[in-house]
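Look for chain A in each of the two complexes below; its partner is chain B in the first and chain C in the second.
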Partner chain A sequence: MHSVSDPRPGRGRTAVRTARVVGLVALVALVAAFPSLAPDSFILSVGVVIASYAVLATSWNFVGGFTGYISLGHAAYSGLGGYATALLILRADVNPWLALALGGLIVAALAVPIGIASLRVRGASFVIVSIALVLILLLVFQSWGSFTGGSNGLRVPRPFGDDVLRPEQHERFFYLHAALLAVLLLCWWAIDRSRFGMGLKAIREDEDKAQSLGVPTFAYKLVVFVVSAFFTAIGGGMYALWFGYLDPIFQFSILVGSYMVLMSLLGGIRSLFGPLLGAVIVGYAMEFFKAQYGDTQAHLIAMGALLALVVLFMPDGIIPALGNLVNRFRPKAASIRELTAEELTVQREQQEVRG
Partner chain B sequence: MAAEGEYLLELTDIEAGYGRAALVLRGLTVRVPPASVVCLVGPNGAGKSTVLKVASGMLTPRSGRITVCGRDVTRLGPQQMLRAGLSHVLQGHSVFKEMTVSENVLLGAYTIRDRAEIAERVDFVKTLFPVVAERWGALAGALSGGQQKQVEFARSLMVSPRVVLLDEPSMGLDPKATATVFEQVVRMRDAGTAVLLVEQNARRALETADLGCVLDLGRVHISGPAPDLLADPKLGELYLGSGTSTAGS
Partner chain C sequence: MTASLTLQSLVLGVLLGGLYALLAAGLTLYFGVMRVVMIAHSALLILAAYIAWFFERQTGLDPLLSLVITVPLFFVAGVVMQRLLIARLRPATLTMMSVLLTFSIALLIEGLLGFVFTGTHRRIQLPYSGTHFEFFGASIAVVKLIAFGLAAASLAALYVLLKTTRFGQALRATIQHPDAARLVGINTDRVAGYGFGLGLATAAIGGTALSLDSTIYPSLHWHWIGPLMAIIVVGGLGSIPGAAIAAMALGLSQSLLQIPLGTTWAQTLFYVALFATLMLRPQGFFGGRLAQRF
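Coming up: the complex of A and B.
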C-alpha cells in the first residue's frame, strides 16, 4: 500500500521511470544516427563542437553542480589539456591517444596544488582566483614561444592521418566525444547516488553545517575538483586532436569558462543532463549567430541576453523548471499541516482499513 | 538530581565568550543526568545558546571543564564532540532544504560506516518521528517548520548520541507545531536520550523538562526540579511572565 502522502504513487513513479528510459534510448539513437542524418560536413562539424561543449560543461558540473563552487576559469584545464596533449605528441613523440590520457593525468596532478590553494576561499573570492589562473596561463603560454609556440599557436598532428578525409574525421571525433560524454555522465550519476555525492551536496547547501555533521569538506572538494579538472583536460585534449590547432588567446579565454557556466546554468546544474541540454542550446545558438552575422560580436550579445533570461526566469535551469511543470500534474504531496504522532497513527490506521 | 559522577554531561565552572569581548559565561555549572530533559531558561543575553555552543565544541571555553560520562572533552572540536556523543540541533531551521528527508537523516550518520547500524538507526528514528517515515522521499525544504524541526531531531539521533543539545526548537513555530515539537522532545527522552534544552518559551519548556536551570548574567541563578521552578511564584514573576500559567503554551 502506498502512503497517503506519498507524492509519487507507484503508477506515477513507474510512468516517470518508463519516460526516462524511453528518453534515454531516444537520445542514444539520435546521437548514433546524427552523422548519417547530417546533410553536410559543416553541420557534422557543428555537431562535434556541440559535443565538445557538452563534455566541457559536464566536466565543469562535477565541481559546480555538486559543491556550488562557481569556477569561471575552467578554461585553464581545457587549455592545459590541449597543450599537454599537443606538446607530448610534438616534443616527446608520444602516441596521440596515450598523449591525451597522459595530458589528463598531468593536469589532474597540477590541479591538486591549485585546488589546495583556491578551495580555501568561497563565493566571489573563489571566482576571482579561478579567473586569475586563466590569465596567468595565457601570459605564460603567449610568452614562452620556444616551447608552446607563443602567439603563433601550435599545429597539432591529426591522429587518424592525412588520408582520412575531413567528413570522416568529423564523424570519428563526434563518436569519440559522445563516448567520452557517456563516461562523464555515468561518473556524475554514480557520484550523485553515492555517500560521497551526498556529502558534496551537503557542502553545496551549507558547508559549515556539513562539516559539523562529520563530512570531510575540504578533502571532498579537492577530490571532485581534481576529477573535474581531469575530465576537462581530456575534453580540451580531444578538441585539440580534432581541431588541429591551438592558440593561447582562445585556449585560455575567460569566455570559454563562462560558456561552461552558462551551459550548465541554462540546463540546470543539479541535474545529470542539464549541462548537455545547455550545450546543445548554447552551442547551436552560437554557431547560428556566427553563420548569420559572420565574424562580428553579435553572438556574444546574444549569449549575454540568454544568460540574463535564464537568471531572471529560470534560475534553476530548464530541466528543473520542466520538472516543476510535470509535478503540477502529479497527485499532490501530503499536507504540511502539523500532525501529532497520535494523529498521524490514527490517520494511517484509517488508511489501512480503507486500503 | 543524580549523584556526582552519574551525569552524562557535566559543564563545570565554565567561562566563555566571543573573541576579545567580555565573558558571556562566568563560572557556569550545568549537569545532565541520563534520560532526562534539562532546560535552560533565562532572559535574553543570559548565555543560554552559548552554553550549547560550548558543549558542542563550537566555542572553546576560556576556563572550566566539560566531561561526557566522566571523560574530559573540554578542548574538542564539533566533530569530536559528535563522536563523544553530543549532537547539536541549531537554532532556527538547519535542514538541507534542497535535499530529501532521507538524505538529511542519513547525513546525521555520516561518521558511521556500518550499514547495518545505519539501517537500525533509520528504523529507530522513523518509529520515533512518524512524519520522517511519512515524508521520507520528499524535499526537506517542502516541509512545514515543525516537520523540518522533527527531521533535524531525527538527524541528531542518527549517531545514537548520549545527549542532544536543542537550541530554541520552538522558534518561529505556531502553537500546534510547538506542541508537536515538545511532544517529540519527551519521546526522545523516553527513548533513552538525554536532552539539554534552551528555550525562550520558558513555561512550556519547564512543563516538559525534568530539571531546570535559570540563567542570568552567565551563571546558573537557580536550579532544581522543573515542577518546583514552575511553582515558585517569585521565579514566575521574574522570568516566566507573572501569573499567566498558560503563557506560551
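Coming up: the complex of A and C.
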C-alpha cells in the first residue's frame, strides 16, 4: 500500500483505482446488509463482537502501525474507557453518549503522563510499561471494590429503553460500531497521507535518522499515542454499553491487548484495512473455538501458536503479501516509492554483491 | 507495628529479594545479549516449578533433586530458543518482534500447563514444610531459607562465571558492544546462545525454589512478570548488579509495606517505582549508556 501516489502507465493505474472503489463499495454494502443477512440473534451478536475487535485493533494501529511501537497493554485503555463510561452513568448520572465521549477524553488525559513516561526512551521500556499498566489496573480495579464494584463486576445500564429488544439492540450497536470504525479508518487514512504521518513512519523505520532530520520524534509519538488511547477508550466504552457488564479480569486482561496486536499484525500493520481483516479472521476463529471447546486452555495454545507463526513467518501481514502477489503482474514502478528500512538494507546488500 | 513484626518482614523481604534478584539477573542477561525483553521468563519459572512438583509427586524424592534435570534441560532449551527462534527475526524490528515471540511462548506454556495439569492449585508437601526456627523473635520457615540459599548461591556462581572466566569476559563484551566483540574474535552468536541458556537456567533454579513454599497454578506467571520487569527498568536495563540491588530494595520495601497496606496494594509499589524511574531517570538507577537508548 503506497501512500505516495506513483505515476504508473495510465491504464493499470485506473484499473487499480476502479478495483479499489469497487472493493470499498462492496465492503460498505456488506457491512450495511449484515444485520439483515444474519440468520439469528447469536450470529448478529458475534458480528458486534467482531466489529468491536475491529475498532480496537484499528485504534491500536495508530501507534503500532505508524510508529512501530508495539503496545501489549492497550486493554488498559479499552478497560478504562469502559469503566469511565459506566461509572459516569452510574455515579454521576450523565447521559450515556455524553459519558462515552467524556470517558474517552478522561482516558486521553491519563494517557499523556503515561506516554511521557514510556515514550522518552525507546521500545523496550514502552513494552514494559504497557504490560505493567494492565497488571496494575487489574490490581487496583479488583481491590477498590467500593468504587469500581471490585471482582463482583459492574452492571452498566443500557442506553436504549427496555422496549428495545435484544436483536434490535445488537443491530443498533452493530451499526454504531461500524460508524465508529469508519471514522477511525478515515482518521488513519488522513494521517497516513499527511506530513505528520510521514514523520511517524520515519520514526518507525529509523528513529535516530528521523530525529537528525528534524522530526520532533517525542512530540509526534506522544500525540499519536494519545489519539490511539482516546479511540481505544471510545471503543471500550461502546463495548461496555452494548455488553452491559464489566469484570476487571476480562477488561484488564493482557490477552485482550494481545488480541489487538495479533489482529493488526495478521492483517498487516502498515495497511489501512489490515487490522479490520485481522479482526474478522481472529474474531471469527475465537468465537468458533469458544463454541467448539468451551472455556478450556485450548484457546491460549491456539492464540500463542498463531502469534508465534505470524511473527516468525509473516510479520508483514496478509494484505502486503497479497499486494506483492498483485504487483508481480503490474509494470515496475520507476518513481519515488515508500520503502521500509528493511527493504533498503536488502537492496543495498544486493547491489554490493553485484558491484 | 511491633519490633518483632518489623524484623519478621525485614527477613522475609531479604529472602524474597534474593529470589527476585536471581530472576531479574536472568532477564538482564537476555536483554544484554540480544536486546530481548523476555516475557516468557516467568512462564518458564512456573514451568520449572511444575516440573519440581511433578517430580516430587512421581518419585517421592526431594524436589530439589529435580534441579539435576531442569537446569541442563532449560540451558539447552535456551540455546535452542535463541538459535532457532530469536536469531531468525529481522534485526530492524528485533526488539518489538521478540517481545511478541516470547509473549506467545508464555501463552503456549501457560496453555499447555493448564491443559496437562488443569488449573487446580498445586503445592508440594515436604516433611520440613512446617519447620520454623526463631531468629530474635522472628519466625522463619526453613523452606524459605533454602530457597534464598539456592538463589544466593546461583547468583554468586553467575557472578564468578561472568567476572573470572574467559566465557564470562566474552559474554560481558557481547553485552557492552557486539560489533567490537566480533572484531576481537568473539563468536557473538554462540555467546548470545549461551547467554540465553544461562538466563533460562536461572528460571529453572528460581522455579524449583518457588515450588518449595508456594502454591502454583498456570496463570501465576503474570504475577511475577510485572514486578520483574519493573526491577530491571529500575536497575537500568542491561545491568546485572543494578538489577540485583533494585530487586533487594523493592523486595524489602514490598515486604515492609505489606503490614500497613495488605498484599495487593503492596504489589503496586513495583509499578509506582517503574513509573517514577521512567519519569525521573529513564536509564534506570544503575544503567549506563546502554539503557538510555532502549
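Heads up, the rule we're going with is that the second predicted complex is superposed on the first by the 323 of 355 C-alpha atoms of A that agree within 3 Å, B and C clash if a C-alpha of one lies under 4 Å from a C-alpha of the other, contacts with A are read in each partner's own complex, and residues count from 1 in each chain.
Methods note: contacts are C-beta pairs under 8 Å (C-beta built on N, C-alpha and C of every residue); 3 or more make two chains touch, one makes a residue touch a chain.
Quantities reported herein were computed from a predicted structural model and do not represent experimental measurements.
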item	value
First, second, both or neither for A:A132, with chain B first and chain C second	second
Which superposed partner A:A202 touches (first chain B, second chain C, both, neither)	first
Touching partner for A:G304 - first (chain B), second (chain C), both, neither	second
Residues of chain A touched, compared between chain B and chain C (which is higher)	C
Chain B/chain C common contact set on chain A	340-341, 345
Chain B-facing residues of chain A, complex	3, 5-8, 195, 198-199, 201-202, 204-206, 209-215, 270, 333-334, 336-341, 344-345, 348
Partner chain A, residues of chain C touching it in the complex	31, 35, 37, 39, 85, 88-90, 92-93, 95-97, 99-101, 103-108, 110-115, 119, 218, 222, 225-226, 229-230, 232-233, 237, 264-265, 267-268, 270-271, 274-275, 278-279, 282-283, 291-294
Contact footprint of chain C on chain A as seen in their complex	68-70, 72, 114, 116-118, 120-125, 127-129, 131-133, 135-136, 139-140, 142-143, 254, 258, 261, 265, 296-305, 307-308, 311-312, 315, 340-342, 345
Complex interface listing, chain B residues touching chain A	56, 58, 78-79, 82-83, 88, 90, 94, 96-99, 103, 106-108, 110-111, 129-131, 134-135, 137-138, 142-144, 146-147, 155, 174, 176-177, 179-180, 183-184, 187
